Amino acid sequence: MALPPYMTTSERVSYYGVRVFVGAVLLFLIAPILAIMPLSFNSEAFFSYPMPGFSARWYTGGDDGFFTNARWTGALKLSVIVAIAATILATCLGTLAALGLSRSNIPGRAAIMAVLISPMIVPVIISAIGLFFFYAYTGLNGTLLGIILAHTALATPFVVITVTATLMSFDRTLMRAGASLGGAPHTVFFKVVLPLILPGVISGALFAFVTSFDEVIVILFIGGPEQRTLPRQMFSGIRELISPTITAAASVLIVFSTFLLVTVELLRRRSERLRGIKS
Amino acid sequence: MTDDVMRAADGTPLKIKLRQAERREVTRAFLLIAPLFLFIVISFLIPIVVMLKNALYDPDIVDNLPQTTELLRQWDGKALPSEEVFAAFAADLKIASKARTVALVGKRLNYEIPTLKSKVTITARKLDSIETGPWLEAVTAADPIWKDVFTWAVVKRAGSSITPYYLLSALDLRQDADGGIERTPENRRIYLQVLGRTLGISVMVTLFTLILGYPVAFMLATLPQRTASILMIFVLLPFWTSLLVRTTAWTILLQDGGVVAQFLHITGITWIANVLGLMSGEPQLFKTRFATVLAMTHIQLPFTLLPIYSVMKTISPTYMRAAKSLGATPFRAFRTVYVPQTLPGVAAGCLLTFILCLGYFITPALVGGGSDNMIAGFIDTAMNNEGNWGKASALGFVLLIATLILYYVYNRLIGIDKMKLG
Amino acid sequence: MKKLSILFAAALLAGTAFATSARAGDELTVVSWGGSYSESQRKAFYEPYNAAGNKVTEAEYNGEVAKIKAMVEAKAITWDVIDADTATGLQGCAEGVLETIDWDKLGLDRSKFIGGDLLDCAVPNIVYGTIFGYDTTKLPEGPTTINDFFDLAKFPGKRGIFKNPTVNLEWALIADGVDAKDVYTMLSTPEGVDRAFKKLDTIKSEIIFWEAGAQAPQLLADGQVVMVSAWNGRLQTAIDADKKPFKIVWDHQGLDWDWWVITKGTPKLEEAYRFIAFASQPERMADQTNYIAYGPANKDAIPNVNPMTLPNLPTAPDNLKTAFNVDPQFWADHGDELKERFNAWLAK
């Protein structure tokens, strides 16, 4: 890009200065995440460059391998089950609540909102201890249902926020149009409302999924011996003895989050297009 | 129809009809909200309130020494309690000993007078074989600590089920013999320092994320859409990557002789720092405050940056052009026209990051050193390793209050429902 | 809306179905400290026990005693048998969260166990030593006494220590010239505690803390420290299995026990007894020494121990010369206070 010829030297310096600075910051953001991925293909069990050779042993090498060690695959499976269940619950509950909240004339709206998003506000360590005691007395500690419910509670605020944001720009006359054309309320919902807010709902669901999939503190408190989710397995791994299998696990998760990022971005664009917002 | 009120087809005034419709609407809205609302209140908020109650409520002494605490209420605290109190104490201990709750008594008293844990147990054991009084003699013979008026003052104080002890000790305070409040001895003061450190690290991280994030947000908001979209990936990918993964990455990269150390070596930064006398030899990064702040800054940067970016997107470039055409230098136009307009975004991003920083636990524990543990780490230790639920709750109380105050500010300034994700 | 609520109900039902399947059958959950220690137990106890038609699920913890208490109060026991340290065995018994051991039911001779009569609610499992070790490639003329650990002039470099006052305070006093047998009398006085912390102050700038047992050999292997305190078995495993050039200094090792304890009110009481009886047999305990160098608590196990391993056990006569016993009573009384002070000290 050519600079306008009338710029002074100091302007030019600051122009390039800012660019170099921004480039450095962007590099700082992405480099640690990218640097760890090649290390997961190291043939030796250490963490510096240059690497003596490439190997897939931290992925498929029997006990060393992320996909071949029963502890890691078990953890992955459990995490996926919990995250899916929590996502379904959180998305249903959160979407319903957001639909309710979107009617403008609700008394005490701010207070209700504060309650609904409180799981996001309260520091997780406090939530973890509160849930630990509560679950201890209801016998939910160490059960799958307990973990799913806890993750649901932690994840709903994200659904509520994203769906509410989508509904804010939603044109309510469309609902009335649907109703006046003879649609029953649930027909109107499924035929008119849902398709329009669906991108928001799915983004919220993905946020909920990630929240559950990444959660490590609550599980340390309420998880029973059999409940080793992926983050918990990683956490005890880092704390005790860093094996390169952890870098493999981290790389798998990074690929996964890249996939989520792309999905959410595409959805966001689709939603903006649907609602006629030019980006 | 003689009045001129507007009516619906069935004859009811339209005003009433409208109100009814509105009420139905509101009821329906509440029914939609209710499942989640109840779920959050019952399975999340009530448990937390119940947990925080432990910070003030500790019935271990009154439950296990009921007669003693009852009698001690009348005791003036000046001289040793009467024979009657000692008799009640002996009787209580005998019952507690059978019920295996003596240790609870000892544990609670031990917080205030170390050694009482075993002394209570030993006293109970000795009293088990004594059937008749005089109890004052029997008890003080079991251990001379019972001759000390201060011991009884502590028993009396701990005997009320509502106790300020835990909250006070979370602020490095304690009650003296007369019930006045004093600071804990210097070598046991810790929590104010931890709180200060938590705030300090949070301020530092917030500042760094602002310094690094502001120019990036500016670039992203002003570059052509296509370029900005590509650069945005650099911000969003870390944002979507698990906190644990990012912490893992830093744990590995910061090892001695690890990738960061290699980077510093190759770029000559290590050499320069050595020449300047800032350090000697290769850097020690892992398990330091520097590592904690670095990793936290990296993790929080998108949280500060994104709200600033979304505010900047709404600022029309015409203001800047107007300022320049009126003769302002670009820098002056930027400072006096552009920056003030971005302040809401700056406030939103910084507050969000600051609040999230207060609760950090995993990252300081994994990449930080012994003196980088933040308040959440101490809550975990008190809870899990010391089994001191009162202390854990009291520290949690302090952390929660700090967080809620900041959220209140956030809500007043920005509004919680305007919080944006992604 | 109807469809949504049906979906919701289905999700809840599915959740409940998971929950009920979470803890099925007659599996016994045994909780231990992880890393190479858990591995030795897996090979010596769990695998042969499971091979005989039983089902042990293993789990890890880091000494979170609060969980035991909460389980007992809620009557929802998920940990049946726990490998506990002495403080937990003592305090848990006094608070009534552990079962009192019926030695007749175990079918074991209590007098055959080192320290067998110390605790009512626990069966001695291993005797371990807190020692320190160094990397012989970094320090060829290595340290030989605990004084060397505190001598920065003679041996410069970082030291790794356990993030806990236990043994560290004892060592500080011994290195400061206090006789090992007077250590606990000394530590019971404020002056003694001050003196211990003053000694620790002298190396504070060079200290790195570890929290989980497996971290200690890791710190040494990574070159983060030149010396590290550790539980002897962890370091020995690094030497034997991972061929690390480490050397253990046995001078003034602090001896302590690990114990099997049973959570009070567990529905698996019978299985718990059966498992502990199995794991306490001389052959099993001797077999464990093949995987980790801790002293078997059952004296009958010694003749079965591989003669090559014997000199590496903390209970070997050569290693016992200057050893001291970590005093459980002292730490029960002063643990809270000293941990608090230790935390305050390390945070400064």
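Some notes on this structure:
In this document, chain identifiers A, B and C correspond to the written order of the chains, with residue numbering beginning at 1 in each.
Convention: contacts are C-beta pairs under 8 Å (C-beta built on N, C-alpha and C of every residue); 3 or more make two chains touch, one makes a residue touch a chain.
Keep in mind it's a predicted model, so treat the numbers as computed, not measured.
Ranked by C-beta contact pairs, the top pair of chains is A-B. Each chain's centre was taken as the mean of its CA atoms, and the one lying most distant from subunit A is C. Chain centres here are Cα averages; for subunit B and subunit C they lie 31 Å apart.
One finds 23 Å separating the Cα centroids of subunit A and subunit B. One simple way to say how far apart two chains are is to compare their mean CA positions; for subunit A and subunit C this gives 37 Å. Among the residues of subunit A, those in touch with two or more other chains are 93, 96, 133, 149, 239, 242. The multi-chain contact residues of subunit B, meaning those touching 2 or more other chains, are 35, 255, 257, 383.
In subunit C, the positions touching at least two other chains are 8. Those residues of subunit C that touch subunit B in the shared complex are 8, 62-67, 69, 91, 94-96, 158, 163, 188, 194, 197, 207-209, 222-224, 329, 332-334, 336-337, 339-341, 343-348. By the touch criterion given at the top, residues 81, 85, 88-89, 92-93, 95-96, 132-133, 136-146, 148-149, 185-186, 189-190, 224-227, 236, 239-242 of subunit A touch subunit C in their complex. Considering their complex, residues 35, 99-104, 106-107, 110-111, 114-115, 117-119, 121, 187-190, 193-194, 197, 255-257, 284, 286-287, 369-371, 373, 378, 381, 383-389 of subunit B touch subunit C. Listed in rising order, the residues of subunit C touching subunit A in the complex are 1-4, 7-8, 11-12, 14-16, 18-19, 21-23, 29, 31, 34-35, 57-60, 70-71, 73-76, 78-79, 211-215, 218. Of all residues in subunit B, those touching subunit A in their complex are 22, 25-26, 28-33, 35-37, 39-41, 43-52, 212-213, 215-216, 218-219, 225, 231, 233-253, 255, 257-259, 262, 298, 301-302, 330-331, 355, 358-359, 361-362, 365-366, 376, 379-380, 383, 392-393, 396, 399-400, 403-404, 407, 411, 416-417, 419-422.
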